[in-house]
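Have a look at the structure below before the remarks.
Chain lettering (A, B, C and D) follows the sequence in which the chains are written, and residue indices restart at 1 in each chain.
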Amino acid sequence: MLKLQRWLSRNQLFEQVVCKKAGHVDHAFGSHPFSSGVGIPGQKFTHTVPKNENDRVYAAYNVYKGKAGVSMFPCLPTFTKLESGSLVIDRRGSILLTFFPAIGERKYDWTKKQFFSLNPTEVGTLISLGPRDSCEFFHDPGMLSSTAGQVRKSLTIKAHADGNGYFISLNVVDNTQSTKEFLSVPFTAGEFSVMKTACSFALPHILGWDRLTKPSLGMEKGFQPNKVNREGLSLEWKR
Amino acid sequence: MLKLQRWLSRNQLFEQVVCKKAGHVDHAFGSHPFSSGVGIPGQKFTHTVPKNENDRVYAAYNVYKGKAGVSMFPCLPTFTKLESGSLVIDRRGSILLTFFPAIGERKYDWTKKQFFSLNPTEVGTLISLGPRDSCEFFHDPGMLSSTAGQVRKSLTIKAHADGNGYFISLNVVDNTQSTKEFLSVPFTAGEFSVMKTACSFALPHILGWDRLTKPSLGMEKGFQPNKVNREGLSLEWKR
Amino acid sequence: MLKLQRWLSRNQLFEQVVCKKAGHVDHAFGSHPFSSGVGIPGQKFTHTVPKNENDRVYAAYNVYKGKAGVSMFPCLPTFTKLESGSLVIDRRGSILLTFFPAIGERKYDWTKKQFFSLNPTEVGTLISLGPRDSCEFFHDPGMLSSTAGQVRKSLTIKAHADGNGYFISLNVVDNTQSTKEFLSVPFTAGEFSVMKTACSFALPHILGWDRLTKPSLGMEKGFQPNKVNREGLSLEWKR
Amino acid sequence: MLKLQRWLSRNQLFEQVVCKKAGHVDHAFGSHPFSSGVGIPGQKFTHTVPKNENDRVYAAYNVYKGKAGVSMFPCLPTFTKLESGSLVIDRRGSILLTFFPAIGERKYDWTKKQFFSLNPTEVGTLISLGPRDSCEFFHDPGMLSSTAGQVRKSLTIKAHADGNGYFISLNVVDNTQSTKEFLSVPFTAGEFSVMKTACSFALPHILGWDRLTKPSLGMEKGFQPNKVNREGLSLEWKR
């Protein structure tokens, strides 16, 4: 039971870890170059890019609006290799949303960015929203730890009254710093359609189901996808 | 005719075979670590992991609720290589559902788990369900054999009255052991959306259609996807 | 103009070519073994499997009903390599439907099978059908040749009145042999859902769009996907 | 801020660049051979095929109608490799539409072709259109440059009144040459379904999200997809 809770906690903790590591401003996050007026000029944006992971791909989908912007990309699951050679999923993947406030026309302050990591079921909820549906997700990055309740995040996706778009808004209350952040980005129907299509594409990947059907990467030995033991079945059959 | 029936029978037999092999409790099945209070501690969960298949990938999608949980993952088809070098599908793939009862808060008893293997058409039915639709599938693992009728399974997917989720329930009547099991898991709309999206992704793979369009794995010789004999067509054309 | 017509003609001619080559009965077509009571026992079913193409994959989706059955699988496009090294699509892919009549309980006569090859636009029509929609396609395998009008085929997909399934029926009138064949297979909603999902998956592949985004097979040299000449754009920009 | 605008401008500039490079008529663009009565006979159509890019794949989806035709295919994004080894998306991909007028029965004049490049959000809008929806996109290829306003393009997608198809029309006003072009192609529901399905398939690829989940091409060193630093998370956890 403890372990299950710890797993949930870890998942949300990720948002904090990412926050701490990603305190730079750079054009590397997405395809849009930003003004270098904010952040630390000359430094690459390195969110979740630890040493020895120099093989990352940055291809976020970004939506920039007047008061804030949001960037999203999928984080793949991680696997552990058992002694038997099998791979076991270790940490489920997610869609990481990064919100950042505008500080002028087409200028955004990445030092004030906030993260929200959608787990598979939240992604499922998002992609099943009809044009007039809304939903809300709550995260506590310190859940079940000594920091529980210190930071509270909620993400709301709210359809426009005319059914022609959504507001995607992040509310972050940080009691340790006595701060409240509210970042809201209006999505057109087209932008939300991109988000839904990209998230639908990514969902099997963040579940790790693509690994069940494709060759693995970085495996030294030849590797075959998930299959049923035909001989076992045949033996069973002959009895 | 006999062969066709045998194939159907084999497909359902799979659920039994899997049951017999998978009598352990372990965190390896999915990404959620379980309490070790049930099952055989220290032993890896090895359902359908025979020797010499040390290259499996475990990435089930799990839904844990108060009275029971369910785990699902795709089983790929198997192929036979003909003398000509062609690959013929031998056994269609499926989506394997594993139900397990709760025995306390966030504790599940894997020794009482029950399997239900969705064939492609059942997967098709599931992914076409509207928010107020329901369906029911019946399996007899001993169908057409001497054990016909001994075990009867039915899976029902029933929409909530408000159209905002489903109950997925498995009924297993085992006359040989005079047992009846009923395991029911409520799915939110988001969880069912994950299931539909993941099953839609998996369907072409369990049909083997991905093999028609991609390079094969483990083939020694270079391998090209399904194609039409252009020369033959050209000759035909010139006549 | 002539060339365009010839291309259309070729596409339909395919159905005839396939017919002539595939006069055998065998279990190799799909995953269901057939009774060997019809056809030529001991011979492999070799539809569109010319010599030197020993790398095919057989993974049809089959629906067997009381009066007839139908089998479907995708045929990939073929490409021609230009002197420049570019690949040009030569013949668009299709979904090949094979209908066969029942001659008894679970017995089907493959010697009387009939083909109908869905082009991409017909596939698009099929996958956009709502639960009460219907459509009809007409093919003349001899179109624009001296055999025009000799054989006429029509495929109808007709929704059940209750919106819970379809009839898929093939009508073939062969004036050269004074024969009329009518083969009709009822599809449940689940079976049609499999067909739609599998055809949606296959559509980008039969268009050849997967080649735009993936490494090619059988290319000797390293190969990169479709990309824009960035240098050209940069030069343009500097002017 | 300037950089963001430049990026937008570049994206639209592409349409002009392509126009200038593609002044030939050839059958290589799609799978349909054209009459050689227009354009420069004997020359291959080389749109966006610069030297040293001899590995392109041509597999456009084409719709030919009485007054005009349109051809579409995806252009993948380009990436820049950082010193760290990471890949950063440099230029988002798009779906390139090429319109060409008819000059007779099944004859099209490729010298008068016009381009319109759909960015990801425009693709998202297109694939979310219901059977009675319409939309319009505006492009200025010279936007934010000294040639701003010289050429104005608008693409409209307008549903038929009966909900059974669309008109896709391109309007190009070129003030430098005092020309107005209007090219309109009626799409059946089936043809639009192909376009939607193919664009939905292509969207994650033009965003570059397939690179997050698949091995890269042309990378010398072994390459692994996007992943989270597990060690970092563990360290964080232990604190």
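In the analysis below, contacts are C-beta pairs under 8 Å (C-beta built on N, C-alpha and C of every residue); 3 or more make two chains touch, one makes a residue touch a chain.
What you see is a predicted model; the values in this text were computed from it and never measured.
Touching subunit A and subunit B at once is no chain at all. In this assembly, B is the chain whose CA centroid lies farthest from the centroid of subunit D. Taking shared numbers over all numbers used, the subunit B to subunit C interface scores under half, which places it in the different class.
Remark: subunit A and subunit C have CA centroids separated by 39 Å (rounded to whole angstrom).
For the pair subunit A and subunit D, the distance between C-alpha centroids works out to 28 Å.
Annotation for subunit B: residues 90-91 touch two or more other chains. Here the touching chains pair up as A-B, A-D, B-C, C-D.
On the side of subunit C, the complex with subunit B involves touching residues 10, 13-14, 16-17, 21, 27-28, 30-35, 44, 48-50, 53-61, 64, 73-76, 78, 90-91, 105-107, 188-195, 197-198, 201-202, 205, 210, 217-218.
Chain contact summary for the complex, subunit A toward subunit B: residues 1, 3-7, 77, 79, 82, 84-92, 120-128, 135, 200, 203-204, 207-209, 211-213, 215-216, 221-233, 236-237.
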